[in-house]
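Listed after this line are the structures, all set down as structure tokens.
First subunit A sits with subunit B, and in the next complex the same chain sits with subunit C.
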Partner chain A sequence: MSVRGYVNKNSLKRRKVVDTFAKTVFRLCGFISAIMIVVIFVFIVQRGIQVFFPGYQFGNIDFLSFISGFTWRQDQMIYGVFFIFINTLITAFGAALIAFPLSILSALFIAKIVPKRFKIIFTTVIELLAAIPSVVYGVFAAGVIVKWIDSFASALGYTTRGGNSLLAVIILLAIMIYPTITTMAITAIEAVPKETEEGSLALGASKTQTYFKVILGSARSGIVAGLVLGLGRAFGEATAVSMVAGNALVGPTLNPFDITRTLTTTMLSGLKETSGLDYDVRFSVGIVLMITIVITNFIIHRIKDKLGGEKA
Partner chain B sequence: MTKRRKISDFMANAMTYFASFISILMLVWIFFYIFSTGMKSFDFKMLTTNYWSTNYKIEFESPDAGSFEKPGSLGDSVAYSVKYGVGFEDVSTKSGTMDLQVVYIASDSPLNSGTNAVAGETLGQSQSIDLGSNVQRITYVNSDGSYASEGNSKGSSAAQLAAALDQSVSIDSMQYQTPGGGVGGSLKATLMLIGMTLLFALPVGIFAAIYLHELAPKNRLTRLIRSSIEMLAGVPSIIFGLMGVAVLFPITAAFGIKSTSILLGSLTLAIMLLPVIIRNTEEALIVVPNGFRDGSLSLGATETQTIFKVVLPSALPGILSAVLLSIGRIIGESAALIFTMGTFIMDKPTLTQNATSLAVQIWSVMSGENPNFGLACAISIIILVIVLILNLTIKLITARLMKKWSA
Partner chain C sequence: MNNIFTVKDLDLYYGDNHALHSIDMAIEENRVTAFIGPSGCGKSTLLRCFNRMNDLIDGCRIEGNIEFRGKDIIKDKVDTVELRTQVGMVFQRPNPFPMSIYDNVAYGLRCQGVKDKKVLDKVVEESLTKAALWNEVKDRLKSNALRLSGGQQQRLCIARAIALQPDVILMDEPTSALDPIATSKIEELMESLKKDFTIVIVTHSMQQAARISDFTAFFLLGDLIEMNSTKEIFHLPKDKRTEDYITGRFG
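Take a look at the complex of A and B:
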């Protein structure tokens, strides 16, 4: 019998149909995943800007007073987001100011300095810190950090609202973004070619000099990516922050012992018993949050490109 | 090396030590706080019990007194009624009141024959008494046929109640309050959420990864798709919550679901987890040797057959770790779920209704007027233990995978 006898033409045809069908499904899934970011953006913007246009059923907010306002009072329908935006920048950059140096130092330690057999301890610690859910950080902050701050403030002669304060938010966020930046920095440091390190050592630099001046410089790109990721987490963190922020009605908050209000806490506050305009304005705040993140990313990358002559 | 160089090097090194030990300190501190606060309230029973306490009134089908020996396991603080085989104890609650709790019921005790006595659908159905229930009032019949009652609402102590019961000949009815404060409902909702989310996210995520790694041409469009998915990974979870309300809520509403629901929450999380699943699956696909694909294709298999029968089985451990990673994210997620599932704790969650996951229950009990740190920390213990186990498992899987392909 010839080979042809064994090949079923119908089966061949069916295989081809199945193959084409499956490939189409795969492609479709890829496209759906990619299009989601656009869908998110378009729908949130659409729902967020409707409160500024006449014809919106629950009344209107004046766009200019929204983006320039220094008061947020749901009960009086006064919605000014500008001070909240400033507060958010202060908390996120404050947290980064604390976490960034610590992250870089720990990353150097873990990637280069610590003896190999202890390395696993430190990487596990960082991984665990990164894996702790934000509500758990929130409980810790509300149970421990606010108490530190309350006693610290009273030692300095200030009073706080039970410790809920700008400083509490900054410390909490610093703890939360520390593992994010550290992980990225470790990856970046470990990716620096051995030759770069050896070259520096051969020129007579000490090991420590090499680590701080040469390796950190070469790993700059990855470290900045870590900073951007950390800032993104700090901007977007919601539940933990709202447990200690205190939701100030006016601002911006500059006193570290005063209560504050960030974009995310605004979106969450009083969510249970709200509807209509007060609900939809959270989408407007969401737009501000997205724009803040995008612009910050852009600016940091520009600064990085300006600072370094050659691209690492 | 100069002395100055040595000193400054030492200082720089010391700083790196300092920074790293702070991280350990932080982790220990967080775990210590959560465990030391939560352990007082943690109890394995809370995994199955309700959050809301309910009042019951029951009558008994076989109300007559018998004779039951006090088990040795019960301590002296337990007042035991030998006629009914039930132990009571005075317990001070967190709110400062005294509870008269049922701490033991013998298996053949008359109290196990209770039926619901309140008019309604459940009238006459058998109702077993949860241990830890607060006895409001037990009405019993004395030997002269007169009725009397004792219980927390009459201010009696456990000893008084047990003594009074041992004077009686039968019990007539009992009013009690279930303990509450459990996480049974949230645990169920979390499991439903995990199941539904993976059901939606896994096929789409895995197929998208297959497209990107196995089929997509290397061109600008593919790069655009990749960077879009990367961007999705950087979107904060609260924005996903807004997206769920704006985009997906109308979809579930079209199926007749009027409120936010577990279904809406899982759809939202499914989109949020797409980048995680795609990235991890792709990493698993990358390590599958190309020889496998060539071998299969040259034997006449179609690309689809090759993908499903050769590539995917080899990539299974990587996909498994994507699943575990996703489960970890789902368990820890709160902000997106507050928007899409609400914050009202449900004891009997259903797919089409509001509910809270464990993490959202923490948020719920913390955001009221009186934050309940004990319960919040107890739930945190559950979450932390699950997250720890998941992380260890992922590490094991990755280590094995590395070994398999490098050998």
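Take a look at the complex of A and C:
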């Protein structure tokens, strides 16, 4: 029997129309998202840099003292962002330093070691943790972590400002980015081909050697992507961090029990009660934050390529 | 001739699936033994018993025994890590690790705690030479192994297995993912390797079995139908089913 006679002639035409339509829609979507990014970027940069130029209506900030300053006092019109930038690096990398190893070990445990029937429980818990809104973490940190830190500090003979501290921010961020990195790491580890794992075991490597030498190496790209996402969250988190940072006026600080101030808390605190220069300078801080994140991601990817020799 | 492996009344189950039925056979030392048979006949499963790779499969149960140089390797007490340093394996698809060529070859020894750079350098060179890969890669030992071609990757995997100086190399369809030229290189390599190693190879290609092996075992649906010298199997098969298979009447 020939099916030729049954082919609908109109169907071909219709599919062409649908194809063209779909292509247009896809292009439009791509165009819109590109435009959005450009518009946001241009808007922020424009508002952020105007405070440094003469002719700005609310007075001026000297760019050099902004970029190198160690004091942030809006009451005295002193805006120095350098120590805030350092503080932000300390909190984000401090959090990653705690969360990253824990995430890797958890991911190995969940992806490779846990019996299959319990695995679903662990992955669900991790995914739930990732889905908790940041303000909830903030409330938890402000109500619980801060108290622990306060008593821990006084046990060591230090005083804190009610527990608000660099350490509180780091612990909070570590908790917040842990599920992000873990989820990505699990996915990456599970994507490692079974043959690679078997190849290692067949060479007389123990399971532990196989996990650390071969599986983590093979999952490197996905794990680094998780780290980048986690760091992005750590850099960008404002609400929760604001609840425990204490907004120090000077810095930077390395004392874990001292209060701190990050780029995001600076942008957020008092945003609704201010205007003029003090408002616009937050956009300048935003630019610093964006550049920080871009450079950090770049460096992390470079390190990844270095660690794994050259790219395959 | 010595038998390096003696399989006695071996049964293997995947859950309820009875995959191998009371297999008895012996593998001779420093010879190439080929396992042939249609897909799902149990040849790879049996191969993976020799280095206990079936341990990795949930619900896999083995009864009977396999003696490796007179020692039973099926009972639980056997140290599989040690066994696998003596019984190496090459897989169907080349599976180099995402690290440098050098690190791939040194991997097995490093896992055994060998750190001496001089020893590693020497073994890496020797192994790659034996695997007929040295001349192609000696100038780029530090480059990523995943950059090699499929055939080179497979020879690297052979070099990686040789580096541990095992007694046996198991090969699970080592050329089925390779083109004919890469395949012939691997086949030549096996010819030279059998001086130093016992080779057991699972293959889908009867020509390959006929070309390279000294002994051939034919499997069908979990049974060992016939095992004999390759010459006998291909010229005077005793069993009708073997004859049907090698003449291409099924499979």
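The definition used in the following text is that the second predicted complex is superposed on the first by the 283 of 312 C-alpha atoms of A that agree within 3 Å, B and C clash if a C-alpha of one lies under 4 Å from a C-alpha of the other, contacts with A are read in each partner's own complex, and residues count from 1 in each chain.
What we mean here is this: contacts are C-beta pairs under 8 Å (C-beta built on N, C-alpha and C of every residue); 3 or more make two chains touch, one makes a residue touch a chain.
Bear in mind the structure is a predicted one, so any value in this text is a computation, not a measurement.
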Which superposed partner A:R47 touches (first subunit B, second subunit C, both, neither): first
Most subunit A residues touched (candidates subunit B, subunit C): B
Contacts of A:V224 with subunit B and subunit C, given as first, second, both or neither: neither
Subunit B versus subunit C as contact partner of A:G199, first or second or both or neither: second
Contacts of A:I293 with subunit B and subunit C, given as first, second, both or neither: first
Touched partner set for A:Q209, first subunit B, second subunit C, both or neither: both
Subunit B versus subunit C as contact partner of A:M176, first or second or both or neither: neither
Where subunit A meets both subunit C and subunit B, residue numbers: 206, 209
Contact footprint of subunit B on subunit A as seen in their complex: 15-16, 18-19, 22-23, 25-40, 43-44, 46-47, 101-103, 105-106, 108-110, 113-114, 121-122, 125-129, 131-140, 142-144, 175, 178-179, 182, 206-209, 211-212, 229, 232-233, 235-239, 242-243, 264, 267-268, 271-272, 282-283, 286, 289-290, 293
Residue numbers on subunit C that touch subunit A, as the complex places them: 51, 53, 56, 58, 81-85, 88-89, 91-93, 95-100, 107-108, 111-112, 142-144, 146-147, 157, 160-161, 164
Complex interface listing, subunit A residues touching subunit C: 116, 193, 195-196, 198-206, 209, 213-214, 217-218, 220, 308-312
Subunit A-facing residues of subunit B, complex: 1, 5, 8-9, 12-13, 15-20, 22-24, 26-27, 29-30, 33-34, 37, 203-205, 207-208, 210-212, 214-216, 224-225, 228-229, 231-232, 234-240, 242-243, 246-247, 271, 274-275, 278, 302-305, 307-308, 328, 331-335, 338-339, 342-344, 359-360, 362-363, 366-367, 371, 373, 376-377, 380, 383-384, 387-388, 391
